[in-house]
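Below are two complexes that have chain A in common, paired first with chain B and then with chain C.
On to the complex of A and B.
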């Protein structure tokens, strides 16, 4: 056993605290901002002392934004729902398509399989702006512009390669003989996929789904161009706070807090899957 | 005797045919119902590849495989009705040992009571009853190996393939289980192929041994026959412990004597009458031969050829003496404590009836003692 001397332990603690402060500070500041009015946020010098207010959250939830120019309708809750719906549906479809494909790529080494898998991955290399213009035109002609279906389709560019490549790695880590043992015991190929491969890759699939969800949730460009107000997710909807009469920092902050809350909660909840997923190697041998 | 498994001209290439790794070369083999066959060979000789083709995990590059009258080499594993214990155990990590063993029985829709009884029986036989409710990751390698073996043996399949099923076990347990497993297989009339590189295991368990090397089936015969009449130089030197002594020699016949010229200027002379006629003719015709003699057939004798002791090991029940001889070394086994010291000059005798003669060019056996091969 390694014995840690007290000084080293203290230094380590300090270092970790600094790192955590550095990364958490912006988030903490935003949380603080979300409970302040524009006046207290913008005062000079800034201060952490203020009387908290929940009017930012109220405005977001009721959908009525009071500005000096009058009352503005905002669709924040609708945006939040859109984000939720688009991300969930995209990941669900991504899993349905991607997991069996990942299994095929992992287990069946057919001619050109590497090329196909790599082509799918290469979608992640292309900058979205490159495909946006042609995509917009196609979508308008096909009537897919500003539909959930169209957006979910485009979101597959984000989630499918991610799921495919992560899950494929997990499938490859399962020793083929474990599956052979099941097949020779009188089970079909499909049953083996469901009963052996899927459960063993489960933590990996969960990890991939989580990452894909976060990527889909954070997407901005596709949604900005391809969706109008009623289909927009929060990432785009937040632009509404940049109004003619000024930027509503308090509401933006509250919007950010509300929009990161789901992914944050999901990440915390799924942490154990991620850890389990990473220790899948224990299955080997 | 009905043929249960038949391999006809079976080849395995990893990669494209004729270009890839040629792991199994033109294997022909008929295995009878109820037989236990040992597939014996050094690491990498193609034993596992052969099993995997029979099981259906690797496709058969060429040739046909027939099991219980059905051509199976193009069927998926699920349709072959073969049970297998894997070299790497390959237990399902998410379920207990008990469920691992019961999986195939449940898939075959056996009644629950019967499943439980079969699992208990095989677990008792393999001494794993105490770990039945543990998970594979929480038990030792030896226990995993027995669980994997149990999973194969519990089934009532047309063929049982056991890939080095006892490699991880301690010697005592291995000896005990050898007997029990053999009894279990015989009692049920199962047909089994046991892959091993342990010749003691092969001798103890198998009705016939298939010796493989370099992807080629070298000999397929009973343990006695393989020992008494090895088909070629490889089998002769591979099977037997300590290994057979071999010496290249040139044969000439002159003045009623057979001369065997060994290396180091050693000339062994035998009266022609000591060899049977056909053996003498075959040796003379071949001229360049390799002489093989088992260590326990080499005796010290005053009439023998000179040798000098280089090692003397008393193993508790027998002595292994190594001596420099004919430009090489010779090993002899004596069943008593031998009072010889290093450097001591001894004389060793090779009797014609103990000689295995191989053709030097082809390595094929010409004769064993007085019999032609």
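On to the complex of A and C.
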């Protein structure tokens, strides 16, 4: 399907340019904003000519924001840490719980296995608030309210189905004969799992872990409902940040840049697996 | 060969645990999630009660009253209308755009691959943060988009703060975040299609629109269906983008199901109504997700078969 028609080539070029402009402009603009002071941001008409400043980032890192009303302390670094901690711990626990289960679903077909796998998958599609609102009351009673432990548990709702379904696909792709051969040589089931299945499914497990991390990082509603200021991740923290009075706009922008940079980096790193992960293993990238 | 002596008892032990093994392996994951079933049942329970946090003395079962009240409750019908409008507008536009972009990038070359990776960036942005980005860009004081609007002759264009354009604004943010999802799914689909029908059509000189409507689109249908259902289920539950942008305002312009339920629970502390709202949303998504899972499984089998 060679396109030789010059008019069509021009039209395609224009279309692609518009697409790139629409999807990239907001990111570019926020990055530019993050290097400006309020004076240059508030200029009308807006201009891309300015002397860049790293003041905004400095203020965020030190946690002291100079506002018109004096110095405001904002624990943005704490939010960033919470995001890292919650996402990493959730994914680690999700892997420990999810990988063996995925292997069971893939290899050892058992009674009710499909039903259980689907029940787990259906959590992915239920309205989160349906569970979260009653959970606020339970967490109060159990002493889990506003604890990392409680949050990490709830985060399993996003992390587990993702790991389970992606990793299961990878286990299914390993020829069963390879495992049988190893077992016939006298090795136990556990050794086969560790020495054969795990290494062969390794890339899939890594991909699932990276994606689960991104999803956990980007989550908003769980922490909004269950965490107060000192446990909040960046997604919720940034919102509070915006409503704080007299804040410099460049600092909001810098906060957003710092919050989205880690997921961008991971996505670039794991792009090969993104398609497969996003479609829960239905489409191979 | 010391293994030979131990292999007999080991084999027997294996047989005994063989039945239990899969359950043992999947139990921890299950238990973690069963903890979640309890709040779910509690929500059903709440939805059948007259329960306001501000009036604990008044609490009691009113059975289906919360649901019956919805029939005459204009706020409920507004929620239903707003949610449907949002889901329909976002998914329809994202499908059109996503298909268009996938077709533009269909050919495998360095430039196209680069662009498709770049387009993933919005999808990797947390929706709540995406909303904040657009909020900064539509700020009436310094927002670049507000400036563009004045250049185009719209004086004092207020984006999300104006009841007339609030829906449009959040729909744009949703499109910005989720179009790449549909795009990469369809792109993977397009690239996995068999080549022969297209080569045959090219040899016979079949006109391109005909090829698109009669070959490309029908073969792409399973992908389109999966992407659509996936997005409808998520879109009808959208919370992050709307809450971060306007918290459901201005007025009740953007009170979709989950936002309305959140406000009912935390602001008017009407737990019963909030739970009933979420149950109705759950019924909708449950039906949709059953259809989705069937389709998705079929696609998964087919794709894995090809691979």
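By definition in this document, the second predicted complex is superposed on the first by the 238 of 285 C-alpha atoms of A that agree within 3 Å, B and C clash if a C-alpha of one lies under 4 Å from a C-alpha of the other, contacts with A are read in each partner's own complex, and residues count from 1 in each chain.
Rule of thumb we're sticking to: contacts are C-beta pairs under 8 Å (C-beta built on N, C-alpha and C of every residue); 3 or more make two chains touch, one makes a residue touch a chain.
Just so we're clear, the structure is a prediction, and the values are computed from it rather than from any experiment.
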item	value
Chain B versus chain C as contact partner of A:60, first or second or both or neither	neither
Partner chain(s) touched by A:258 [first = chain B, second = chain C, both, neither]	neither
Which superposed partner A:271 touches (first chain B, second chain C, both, neither)	second
Which of chain B and chain C A:103 touches, first, second, both or neither	second
A:207 touches, of chain B and chain C: first, second, both or neither?	neither
Touching partner for A:188 - first (chain B), second (chain C), both, neither	both
Contacts of A:175 with chain B and chain C, given as first, second, both or neither	first
Partner touching more residues of chain A, whether chain B or chain C	C
Touching partner for A:196 - first (chain B), second (chain C), both, neither	first
Residues on chain A lying within both footprints (that of chain B and that of chain C)	186, 188-189, 282-283, 285
Residue ranges of chain A in contact with chain C within the complex	1, 12, 15-16, 19-20, 22-24, 26-27, 29-30, 33, 41-46, 96-98, 100-101, 103-105, 108, 110, 113, 116, 118-123, 125-135, 137-138, 153-154, 156-157, 160, 164, 169, 172-173, 186, 188-189, 214, 217-221, 224-225, 234-236, 238-239, 242, 249, 252-253, 256, 259-260, 263-264, 266-268, 271, 274-275, 278-285
Parts of chain B lying in touch with chain A, wherever the complex brings them together	55-57, 76-78, 80, 82-84, 86, 88, 90-94, 103-104, 107-108, 137, 148, 151, 155
Parts of chain A lying in touch with chain B, wherever the complex brings them together	175-178, 180-189, 196, 199-200, 282-283, 285
Complex contact set, residues of chain C against chain A	3-4, 7, 10, 14, 21-23, 25-26, 28-30, 32-33, 35-36, 38-40, 42-43, 46, 100-101, 104, 107, 115, 117-130, 132-137, 139, 141-142, 144, 147, 176, 179-181, 184-185, 188-189, 192, 198, 202, 208, 223, 226, 230, 233, 237, 239-240, 243-244, 257-258, 261-262, 265, 271, 274-275, 278-279, 281-282, 285-286, 288-289, 292-293, 296, 299-300, 303-304, 307
